[in-house]
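Should a chain be cited, it is by its letter among A, B and C, assigned in written order, with residues numbered from 1 in that chain.
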Amino acid sequence: MKKVGLFIPCYIDTIYPNVAEATYKLLTDLGFDVEYPLDQSCCGQPFLNSGYEDEAKSLAKKFIDLFSKYEYIVAPSASCVSTIKNRYKDLIDDDRVSKIEKSIFEICEFLHDEVRLESIDVSFPYRVGFHQSCHGLRELNLGVSSELSKPYYSKARSLLELVKDIKIVDLKRADECCGFGGTFSIKEPEISIQMGKDRIEDHLSSNAEYIVGYDSSCLMHMQGIIDHDKLKIKTAHIVEILSGMIK
Amino acid sequence: MRSKDLIFKNLNSKKPTKKPIVAIKDTRYENRVETFLQNLKKSGANGYEIKHSLIEDKIQKLYPDAKNIASIYEFGIKTIDPNTLNTPHELKDIDLAIIKAEFGVAENGAVYINEKNNLHQAIYTISKNLIILLDKKSILDNMHQAYEKISSFRQSNTLFISGPSKTADIEQTLVIGAHGAKSVCVLLISDNESLKLIYN
Amino acid sequence: MNHQKISKEFLKDKEYASWHDKALWYVREKRDQATKVLGEYEDLREEAKRIKEHTIEHLGYYLEEFEKNATKNGIKIHYAKDSYEHNKIAYQIIKDANAKKVVKSKSMLTEECGLNHYLENLGIEVIDTDLGERIVQLRGEAPTHIVLPAIHLKKEQIAKLFEEKLGAKKGKSDPKYLTNLARESLREKFLEADVAMTGVNFAISQSGSIVVCTNEGNADLGVSLAKVHIASMGIEKVIPTISDLGVFTRLLARSATGQAITTYTSHFNAPQKGKEFHIIIVDNGRSKIIKDKTHKNSLHCIRCGACLNTCPIYRRSGGKSYSYTIPGPIGSILANTKDNKNQADLAFASTLCGSCTDVCPVKIDIHSQLLSFRKEYISSHESWYKKIFYKLLYKILSNQRLYTIFLKLYYHLYPLIKYIGWGEGRDIPKPAKKSFKEIYRSRYEK
């Protein structure tokens, strides 16, 4: 059995532990030996994005120390995986970084590229709006962004399409940013919230019952608006649906 | 220090050993004339395929009310020869100018204006309407081919014109007729006869 | 100026803000349609990037060749090290020609140099002839977009302006009527102008020519009537050869407005008989940026505006929220190359979504550069309380004990603190009863 090191970002650990559980369960059901190093912390992204390189470096070292032993590292967070895969090499000088770059996967990437999941015995009879978070889309190439003159493809969406009874609705703006942006949500809350509202409205106008995405940070920000305005729509991480843990 | 020296101090002035060659698998069209006419329409202009002998007839049908018509070429209709005017300002009341294009470009409906015998550049934009004569066989696929064909500029000013002047500066509403021509008609001449000049 | 403060005001008028966002998104959609018809579009972008990289790498050589060839054709070349010198040179040329009236077609460089005010203070009448620029000029404001200067204005506002300034009929806000009125009013100015000023889209080293692209025909009309043509260009506008234009003329209009090509693509190669043709080549900080490895490719910009149209922040905040001549993503970079200390708010006015980088026809890594400007700012100018916040955050995240304590605190205080909110209109995230660490320990740990 192949060993998988499970990386769970702090906001999933604290706000959406169900997403972490779903990831753990799904990988275990698929036959992997999943380990969750309890000593893990942050990948360093918020510090990197705000220019705090020293802090980011220190957290990166911690990550490398804990995870470099695993053949696969899987995380249900495109933004964290993107940071580790694309930015650790310029941040920290460590021989183990290149191994980590090859072994780290975002969950959809993993299921699509490594597991090559072709069928799944899960039903989700709801209307679903698919939210393509920016980091996953443009930095991890989980899909082809709408700006590019290339045929459209989405790894994440193709996984969602395996789910029985699901109806994925069309959106007016397929991949506009939701407005979370990490520190942006605090620095420019007005635009952040307006962007979130606009995204939610796009889903609502297509009668989506769920906004499904692969980045809980985006979903968390949109959920905050949904809760505040008491809107009739829910958010869910794709792994919750794929694992059958959300009914 | 001279400003030029201050600027060049920071720049690399060594001659490059090689320059990247543009290698694009550019789009070619099965029917260049058809594509040209489609894109011409998109640009807000109209295109007509006609025989050389029917030019005057067509001009009169298209612009029956045009009073002041200018062209450096000779036609059976009454025209003003702009080359006889001292200043381009005297062209301000021209309703219609008839000009010749060297070739057309299918991908965007543009035509290349490179008239070596025209004295006043203003004719291309000051005239209220434009008729552009174009040899149907001269249409190329795209701008790569266009600039390969041009290879060097032989007049003080040459230009591509794609349709009438336009703007969408007011609430993104497209309005045809900004400062240049309010309408453009391209006559694709199907038989290749050269046009005589009034100016000698 | 603070981007967040001005954006907050901008968003207060919800209907207007939504209209502004949709107007610009529409231009982005047009761009998508025009680029996706070309199977080779992504290759074109890569070629454009290569050409620009090569040119900037050897800019001294290509600029020297440009000057040589232009001069051979009778064009007068002037070099200006900064915006002040540019204005001085322009004024001198105008003065020497005994000129009083100048018509100007779009040039963001002349905006950067503050040329209009400079000349007006010296008694020269400057008329911006691009319709959008003329509108903002008459209103006494700056353009809010590099290609669509008046995108922030509704037609009723323009109608009112034309009523006051151009004698338009009251209440007529039909764009066709207003445009025609502007055409007639500006036609007079074209005919009276002594000098025509233009910008430069591309300067061709091989032939010493400049290329000016417009939809309105104002550059061509101005130059063909006036006795003197002054073209202002930044040093980075140079491209090596005529054949390189094939790449750029296929990219520019598609990216900017969704057209296959602009109505007029004019090559100015030499002065017309009996006329003067001057080109002012401006540095104003550009040659310094070339030495900056991280930011030098910002000089590749061909000023298409695609990054503005796609930017979800620009669309929801408008050009006036950006304290620089050029707004939006590329403007934020250019502003920071000039003054990181005072313009850093622009580097933070972004979610780093990367859409700008994807639409850029010359493949500038815009969002990555915004990130590096943040780093540059933090390392030299960050305020002490923000530093403390991040140090505290780091401590909490890196220490298991502190992390657990903080979590428990958050969970128990949540019923009280949830009223603080996460900005107006968004609730703070609801903490789970048990974190995954706790769940794993109790359920799954081997």
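Please note the rule applied: contacts are C-beta pairs under 8 Å (C-beta built on N, C-alpha and C of every residue); 3 or more make two chains touch, one makes a residue touch a chain.
Computed from a predicted model, the values in this text were never measured in an experiment.
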| item | value |
| --- | --- |
| Chain nearest the overall C-alpha centroid of the shown protein atoms | C |
| Dominant chain pairing [most C-beta pairs in contact] | B-C |
| Length of the line joining the C-alpha centres of subunit B and subunit C, rounded to whole Å | 29 |
| Centroid distance [mean C-alpha coordinates] between subunit B and subunit A, Å | 53 |
| Whole-Å gap between the CA centroids of subunit A and subunit C | 32 |
| Subunit B, residues touching no fewer than two other chains | none |
| In subunit C, residues with contacts to at least two other chains | 38-39 |
| Complex contacts: residues of subunit A adjacent to subunit C | 8, 10-18, 20-21, 24, 35-36, 38-39, 41-42, 46-53, 55, 58-59, 62, 134, 138-139, 145-150, 173, 175-177, 179-198, 220-221, 223-225, 227-229 |
| Complex contacts: residues of subunit C adjacent to subunit A | 3-4, 7-8, 11, 17, 21, 25, 32, 35-36, 38-39, 41-42, 310, 312-313, 316-317, 348-355, 357-359, 371, 374-379, 382, 390-391, 393-394, 397-398, 400, 403, 407, 410, 421-432, 434-437, 439-441, 444-446 |
| Touching residues (chain side subunit B, partner subunit C) in the complex | 2-4, 6-16, 19-20, 22-27, 39, 42-43, 88-89, 92, 105, 107-110, 119-122, 124-126, 142-148, 150-153, 155-173, 175, 177-181 |
| Residues of subunit C defined as touching subunit B within the complex | 23, 26-27, 38-40, 43-44, 47, 50-51, 54, 57-61, 63-64, 73, 79-81, 85, 129-132, 135, 148-151, 153-155, 158, 175-176, 178-180, 183, 186-187, 190-191, 207, 209, 215-218, 220-221, 223-225, 235, 240-247, 249-250, 257, 259-273, 281, 283, 287-288, 290-291 |
